[in-house]
Structures are given as structure tokens and as C-alpha cells.
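The structure's right below; bear with me while I get my questions together.
Naming follows writing order (A, B, C and D), and every chain is counted from residue 1.
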Amino acid sequence: MTQDELYSKLAAELPHLEKAQTQVKDYLTMRLPSADRLLETVRALKERLGFDYLEMVSATDWLGPVKPEGYIRNPNPIVFMAEGATPQSIPTATPNFPYRPMIELVWMLANIPEKIRLVLKLEVPREDAAVPSLCGLFKAADWQEREIYDLMGVAFTGHPNLTKILTPEFLQGHPLRKDYVHVKDRFDE
Amino acid sequence: MSEPAKEKEAVPAATPANVVPAGAAAAPAAAAGTVAPKPAPKAAAKPLPTPVFNERHGKLILNSRYWPTELWKSPWSLPSYRKGALVLFGLIAGILLTGAAVGELSRWADKLYALIAAFVAARHWPAVTTDAVWDLIKILIVLHVVLINGLWAIWWERKISAHIQSRVGPTYAGGWHGWAQTLLDGVKLLLKEDITPTAADKWVHALAPAIVVAPVIIAFAPVTFGKQLAAANLDMGVLYIFAFAGISVIGVIMAGWASGNKYSLLGGLRASAQLVSYELPRGFSIVPVLMFAGSLNLSTIADAQAGYWHGLPRWFIFYPVIGPLAFVIFLIASVAETNRTPFDIPEAESELVSGFHTEYSGMKWSIFFLAEYGYVLLASFLLATFFLGGGASPFAFDHVIPSWIWMLGKAMLMMFTFLWIRWTFPRLRADQLMDFNWKFLLPWSFANIAFAGLFLLFR
Amino acid sequence: MIEYFSKVFRGAWATVAGMMVTLKYMVKPSVTVHYPTEKLVPFERFRGALLFDPGTCISCNLCVKACPSTCITLENATIPDPKNPAIKKKVAKVDWYTIDFGKCNFCRLCEESCPTKPKSVWHSLDYEVVFFSRDEMVRCWKAGTKFVGQYWDRKEKAFKDPEGQIQIQDVQARR
Amino acid sequence: MNKGAMAPDQEQDTPLKSDSMFINLGPQHPSTHGVLRVGLTIDGEMITKAVPDVGYLHRGTSKLAEVRGYHHCVVLTDRWDYVSAMPNNLVFCLAAERLMGLNVPPRGDVLRVLMCELNRIASHLLFFGTYGIDIGAFTPFLYAFREREMILDLFEMVSGARLTYNYIRLGGVMVDVTDEWVAKCREFIEYFKPRLDEYDTLLTYNPIFMARTEKVGLIPPQTAVNWGLSGPNLRGSGVNYDVRKADPYCGYEQYDFEIPLGKTGSCWDRYFCRVSEMRQSVRIVLQALDKLAPGPVMAPGVAKVPKPQPGEAYAHVEGARGDLGIFLVSDGQASPYRMHVKAPSFMNLAILQELLVGNKVSDVIAILGSTDIVLGEVDR
């Protein structure tokens, strides 16, 4: 199945999906208008179109570039280095880039026999970001959603065990959010 | 070994190891020398310059990579390989020559006994003193056999396992092939802190190693080390050995339980199940031997295998079907009894960390090893006695080499088999271990008894 | 019945075959190198501890930019302006140069970025780099310092030669 | 599968009650292959609940990448799956090249394939050795390391490092290989082929090893797909999914090789998939060595500080552990705006919570070993 065939099929079966503005290179990228129809859409994709392999769950915080303050935990103890070594390159905002206070979730689904992949995108507001969990459909979503919750702070409603997975218990905040500032903890002294 | 000297001569300027391109402020000329632009050769094209190792650490410098493809092409061209083979050959020849020169040890023992008796008679001491002193000497000798065996067997295991794994094992301690490695390890273990965990039951924890090691020393009493060479010539020697060897399992369970560690507890539980089960095929597998020999005395069993059939020694292992089967069952059960690799589930390194001796340290820990290697030696001597004719020579023409050398050689061969098995096989799972015992070894050991009965009936 | 015996036989055969493999390697020469007394010389491209030549460095900051973990810092040398001695003028020489080996990735990016010929910063073949304290991890170079550099001992407040790095090769070879 | 999970209910009916025991497998345990902790609730030797706990090695590479240039991120990738770092380098470079529109010259592609396949052999050798240790055989481990050492020598010759190569760069590879290297590589392959047969004799077809692994840790194909497994873990269940065939990169479609598939999804099948993959990798390496035509290895005009156009790219490769993917977002700056790593080990580890239940403690090690995880990749 080629991407065009898949696109026409999707247009027929799931008309509420629209082609995303930013396409992930080489893969067909579709955008969901709202979180309400996510479960329904993915179920249809899994059961009717054979996308039974959830390859990736990811999320992008579109707030803007990283703020370097609070990025490095400790001042550098080395005498010759400048105090509090700076990050390798401090990113600046690109002019005219549509930064927005939204988190964009990205799912990549694969149909193994047909050798075709589909990227689903969904934007949710940064504050109280929540989307339905895909755990009921794909067990693969279990840990990946926990990872996104841990690092990006997106609550997956309906997840059986939505707890931190990678960062330690005492770490406050969600590190991959662009406005994350490290809060001092017991290991900082 | 003259290589490093050559290398150093090859270095044109006698550069110190830490090359000093420029003295800090003292030698501006030298600094200028380094600054001066040099022709920058392509790194890949230029052959590697002569390496200069720091004097403190580097003695020998290898200029080429050690790939097996190069090493295995012609192993005899390697000096170390030739040397190793020579050492091995010399060792065997030396032992044989010593044996031939010394002769039968039992002869010397008789002389010594007569000497003691004469000494006692001269002093007008009661005659029973002779036997008491004699027994004490025998006890001491057997005790030391077990203790020194620990040192020797661990060193040997290290060397054998290393060579099996394309390594060389200990090489430094003691100078010659690391012979002192276990000795020094023993000293280290003695000096180590003896830790008893807080959760442990102190008394049981301390008592367990003793209960593990005492039976193996006691069990050595009737073992024959050659013709007429045993500490105690017991008529029920086989039963005696099996009875005492069975006691150790209590110590293992105690160790597992008293450590206050979940892994140790699991190890102890596994050990109890395994050791008790494997006693059965081990015992039944030698019943055919006892039937043929008609005795439980180890010396009698060994003597029953004397003689030759058309040049083939009349050892029990060469009896058709029955002999090899009994041998294999006894060997497997012995490996299981000693908790060694295909059957080492009580101390499974990768699962239970170390099983029942996880929480032991220092000398207590090493006592478990003493017991383990004691059992290996015991099993080796038993295998040699039951199946390989004891001290009988494999060659009809050989009248020079005494029985104790043959006995020792056979026991060491069996010990090597133990090591070889250990370093080849993966580990069974607990339930598979039980299946193998109850569904394979035990039925076949029964069948073997039946075969032996038929053989005796129709002989 | 036949199946049972063939299974037993196959199992026994596989067992014996496995033992033969180990026996075969037992009589082959060992492939190990006895490390403290025998040492291998790495291949030419080996990325060992970094060396630096303060003499050739032009203080261009490319290595500082190339380093992924920001472990390199340097300071331009300055001379007083002949017209106005109060103003210091930067020259294409390095005043001091440090590498923090605690952060170094040994990734070769600094060496690749170095524009001078021969290279001012380059990987030696030294794999025996040992540090006894955190201070030793930061190597410092000034004009006239050896290629291996020195470190600043904060307790004794003095520059010292690193003890831990054992040079195994002519330091010029890689440049 | 859930036999063990039902055990507590059955207990209540029987007069003989037994307590379950909680065991911490790790983080300090010889068989967890790193710093993994599995909380096991066991009843006798039977697992009733297993909770894998990861994150001990989390280094936040995704966040670090947001303040580093694209060239520097390649260095970060080395540290995920440190056992096979070449595919890590490759996947990042592929994603970044897609963003930048770079085309790799043919020799560069062949070298990438060559290095990745050699690294796959090295990684599977490590698996072979450590799995042997997990099952209790120590000797195969040292045999595997003996061979792996030669591959590391090859990598040292070409890239200068033995573990963290940083060899595959944006636009190609770091440096070209020499003729001497090619000869050494052929020498190694010639040496390695018969060794594989010996491994089979020593471990693969050993009756004890087969008994330990054959009917243990079964993963049916649907379960494997649903859990998002990849690599030999998925193919051990018989699902024919290999990125090299399904979504070819670096010209893998030009190579002639097969995808070994398992039948039942047992530990032995997963193990055997890896051992068979080594044979296939040997085939690919030989083909790649033949394909090496002279030419440049680096695309011209790779910027020192690349600033790709805003966009998103996803690239994935068949790493030694499975489908390793990278989702890269650029907002036009010198560093990635967002880097998401889809790590195969992370997915392969997640299934443990379902797979371990109902097995024995010894089988935990066998199953854990057969998933062949690298904690550096799980935690990133």
C-alpha cells in the first residue's frame, strides 16, 4: 500500500482526519481535530485498517526554546571553568515560527503486513494536558505513555498505572517541558 | 623476554618515558623546537612508532595484536606453549619417577608402625599406646589430605577453567604458574572481616559451616588411597561413607535458613530437595558393584577388580552395559551431590547470587568451599575405587609404578572430569533436576541392578 | 521405545560434543594478554587522552565550540597595545587552555576541528589515564607546558604534573 | 500465562496457607544486566507478580540534545545502547539527514551497513555470552568475548574507539577504511564462521540449555505485536518484521539476506533468532566488503553548525535490539527542538510484567536474559 492509497482510504473511512500541516518526512501524517475522537479513530485504524503495531508515542512542547536558567544543576566545581558551565549552544527563538502554548502528541502506527506507517497528531493545551490513554488498545502504549507523562506532563486518562517511570520520585516537574526549571533536591548539595 | 631490551635499543634517542617536549621556563630553545612546524604525516599511512611504556608499569611490549587467527596458526611456534607442554610432561614424568623410587606406601607404613611399636616396647608403655599413636597419625594424615586438597583443587580448577576458556588463570602468586594463589587467598580470607548479618540467627549461622565440613572429613576414614592404604579398614565402609556424606545437607539447610536472606533461604530449600533426592541413585548405582565384589569394604571392592581380560583390565567400568551405566549414574549423582554446575541450583550464581552462602564471609565462607572440594575428592576416590580398579595398573606388564600413584592418577582424572563438566554445561532448573533424578537416573539404576542380577545368574 | 532411546542417545551425544569443544580449546594457546606486564599498543586512530601543544595553538576557539560536553576552555594571550599600554590586545596565541577529563567524551571532534598544522589538540594513544582526585581531571596548559599538561592542586595551591597518564608512544605521531 | 496470578485465590480454599514472599531482583544482582530492579512477589518458587522498575540510568539525552548542535548529538547517541553504538549513531544521522536533505555517497552507505552489521554481530555475541551465564554456562561467555574483542579491534582500527564510536556522522562516516582493515575484516569473518557452529554445539543444541529455554517465556505473535516488541523478540514469535526489509535504509534492499523467524516465541526461539542473525550478518558483511567501491565517504557541504529548515523527521533502523527510532523536530535552530527516542529495549522490557507471572525464579533469569535489554537504552 502506498501513502496515496492510504490517504484516499483514510479519507473514505475516517473523514474527520485531516492532513497535518507539518508532515513527518517520508511518512503520512494526519491530524486529529480534538481528543474526543482519538480512541474511536485509533480503534478504527487498528481493527479496520490493520494498524495493529503502535510504534511510537511522542510529544512536543511548542512553547519555544529552552530557557537556560536552571538548566544546569550544579555550579562547576572546577577552578578553571566558568562558574556554572553553560549549555553547548543556547537555542534562540526562530523568527516567525508558530510557537504556541500547546503540546502536540504524536503517535506512529504501523501495519506490518502492508509495510505502511501512519503518524497521528493531536494538539492539546499545555495547562492540564490530558488525552485518553491507548492502553486498552495497545499494551505497547503502557510504558510509552508513562514516559510521556513523566517527562512531558501529559495525563493519559484511563491509564491503569500512570506513575513516573524514568525520573526519580523526588524530581519535581516534567523535564522535557520547555519551561522546566530544576528545583533543588537532596542530591544538589 | 629479551624483547623489551631490544625495543629500548631500537629507540634512537634515549628519551625518558614521559616525553618532555619543553622544560617549562628553563629551556626556551626546546620549546621552540616543539613549536617548529613538522611535516604532518598521515596517521594511517605511517607505521606505528616504537612504543615507550612507562618504566614503572610496562615490562613487556607487544607490538602486534593478539588475534586467535595468528596464535592458533602454529601453536608450537609459541615459546609459552612449548614451555607449558614441557612443564606438563615433566610434571607427569616426575611423579611417575617419584612413585617408582618410593614404592608402595603401605610398606613404609608397616615399617613406621614397627618403629613405633619398638619405641613403645622400649619405654615399657602399655601395648595399646602403639595403636593409639598410630590411629592419631592416620587421623592427622587424612585430615590433611582433605585440607590440602582444598588448596590444590581450587588452584587446579582455576587453571583448568582458565585453559578451557582460552585464558591462563593465576600466573603471578608464587611465581610458577600461580601455585601459591589459593594459599594466599586462604590467608586473605583468614584476615577478612567475619560478618554476621543482623537478621541472621547467630548460633546457627556460625555452626552451619562446621556441620557442612565435619562429615566430609569423617567420611574419608575408610577411603583407600592405594593397596592396603586406608585410615580405617571398615567392613561396611561404603555404608559409612554414604551415611556421613548425607549429613552435610543439614548444614547447608542451616546456612540457608540462618542467614536471614531470602536468596539464601531459597538456596537452602533447593539444596535440601536436591541433595536428598540424589542420594538415592547414587546409592543404588553402586549396588551392582557391591553385588560383583560381594563386600562393602572398599579394599575388597578394589581387589575384586584385579586381573586382566586379554590385556584389558578387569575394571568394573569395562563390564558390558552394567559398568558404564553405573559409572555414568554415579558420576552424575556425585556432581549433583557436590552442587556443581549442571546441578548447582542451590548456589546458582546468576539466580540466587550465591545461594546458601551469600551471607558468609571470610573463613566461614571458605569452609563451604573446603567441604565442596572435599566432596569432589571423595567422589573422585570413590569413582576410582568402584569403577577404575582402585590402585590396579591398567597395563599387565607394569610392576614398577606403585598402587598409590595409580590411585591418585585415577582420582585426579575423575576430578578433571568434574571440572570439565562444570565448565561446559549450563544449569538445570530445579524441577528439571528432580525430573531427571526421579524419572531417569533412579529407574535406570534399578534396571542396572536387575541387569547385574541377570548377569550373575547366567554367568 | 526407540524414540526414547534415540532421545537419550541424542542428548548424550550433544553433551559429549559440547565437552569436546571445551577440550579442544583447552589445548589451544590462550588468547589473553597479561595486562600489567604485557601491554597492547592501540591502533593508530585510537582516541586516547588528549594532548595539547600551547606552542602551535592560535586560540581560535573552534575546539571549544566543537566539544559536545563543553569540557574545553581557553583564554587568548594578550599583549599591551604599543600605542596605549593600558589596552590589552588579543593575539593568536593561547594564554591558558584547560580540558576537563571528567567530562571529556573522547569523541575526536576537537581534534577534527583544529585548524593548525600540526594539530594543537589531538588524541594520544594513552589509555592508561588514572586520576587520584577530581583536581587531576582538569588539565591546564600554558606556554611552555609539556603536552600532557599540568593540574592545579587546590589544597596545595600549585600546578603539578599528572601522575596517572602513562605515555605509550611518541607524542608527535598522531599529529 | 496467568496461571500464577490465580494462585492466591486457590490458596484461600485450601487449609494449608502459605505466605507469599517479596524479592527484589536487582538493582544489584548479577543477572539483571545493568541497573534494573524487578520487584517479584513469589509463592514458593512461583512468580505471582512482577514489577520492573527502571530509571536508574536515566541521563536525559532528549533534554541534553535540545541544547546541543546536531554534530554533538551523535556523541550523545553512543551512550544509549552502548553494546551496539553504531546503529544509534546511524539512526540519528538518518533522521538529521532527512531534515537537512543530505545524500550520503554510496561508499559511505556501504560502510554504514558494514559497521552496523559488525556491531550487530558484536552485540549478539555479548547476548550469547551473557545468556549462557544466565543459564549457568560460563565458558561460552569467554568464547563470545574472544570473538567480540576482534570486532572491537576492527572498530578501534577504523574509528579509534572500542565502545562509543562516534563513527557515523551527518552526511557519511568519519573516515574511510584502509585496505589493511578490509583484509583484517575478511580474516575475522573467515575465523568467525566455524565458531558459530561451535556455539551451536556448545550451547544452542545442548539438551540442558534446550530444556531450560524451549518451553519457557512463550510470547504468542499477537501479544508480541500488541506489546510493541521489535527485533529478535518479535521475530522469535514468528512475526516477519525487520526494518531492513520493511522500511529499507542505507541501501539494505541491495543485500541478499534472510530474516530468521522463530516458531513459538519461546526463549530458545528468541535466542536462536539472534544466533541465526549472526550468520545473516556475516553474509551481509561479506557482500558489503565486495561492494566497497572507491569514492568519497562523506557528503560534500555538511555545515559545521547545521541549521535545518523547520520540520519533523522520523527515522528508524534495525538495531541489534530491534526497531530503534528517532523522532526529530527542528525549529530552524542549530540544535534539535525535540528529540524523541523510540528505544526497542524499553518496549521489550515492558512485557516482562506480563511474561514473568506464573514462571519460576530460575525462569525469570532465562526470560529476562532472552529479551536482551540494555539498560542504557531503556533509560536513555
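Note that a contact is a pair of C-beta atoms (placed from the backbone, for glycine too) under 8 Å apart; a residue touches a chain by one contact, two chains touch by 3 or more.
None of the values given here were measured: they were computed from a predicted structure.
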Innermost chain, where centres are averages of C-alpha coordinates: D
Most distant chain from chain C by Cα centroid: B
Of B-D and C-D, whichever chain pair has more C-beta contact pairs: B-D
Averaged-CA centre spacing for the pair chain D and chain B, given as whole angstrom: 39
Approximate Å spacing (C-alpha centroids) for the pair chain A, chain C: 38
Length of the line joining the C-alpha centres of chain A and chain B, rounded to whole Å: 59
Distance between the centres, which are taken as Cα means, of chain D and chain C, whole angstrom: 27
Per-residue multi-chain contacts in chain D, two or more chains: 68-69, 72, 139, 143, 146, 153, 175, 202-203, 206, 305
Residues of chain C engaged with two or more neighbouring chains: 15, 18, 21-22, 25, 31, 43, 45, 67-69
Sites on chain A at which at least two other chains make contact: 87-88
Residue ranges of chain D in contact with chain A within the complex: 54-55, 58, 60, 62-63, 66-69, 72, 98-99, 223, 225-228, 239-241, 246-247, 305, 310-314, 316, 323, 325, 327, 329, 331-335, 337-338, 340, 342, 346-347, 349-351, 354, 379-380
Residues of chain B defined as touching chain C within the complex: 15, 17-25, 28, 31, 34-35, 37-38, 40, 43-44, 46, 48-54, 56-63, 65-68, 71-72, 75, 78, 80-81, 160, 162-168, 171, 420-421, 423-425
Complex interface listing, chain C residues touching chain D: 10-11, 14-15, 17-18, 20-22, 25, 31, 42-43, 45-47, 65-69, 105-109, 113, 123
Footprint of chain B on chain D - complex, ascending: 21, 23, 29-31, 45, 132-139, 142-143, 146, 150, 153, 175, 178, 187-188, 190-191, 202-203, 206, 208-209, 211-212, 360-365
Sites on chain D touched by chain C in the complex: 68-69, 71-73, 75-76, 78, 139, 143, 146, 153, 156-161, 164, 166, 174-175, 198, 201-203, 205-207, 304-305
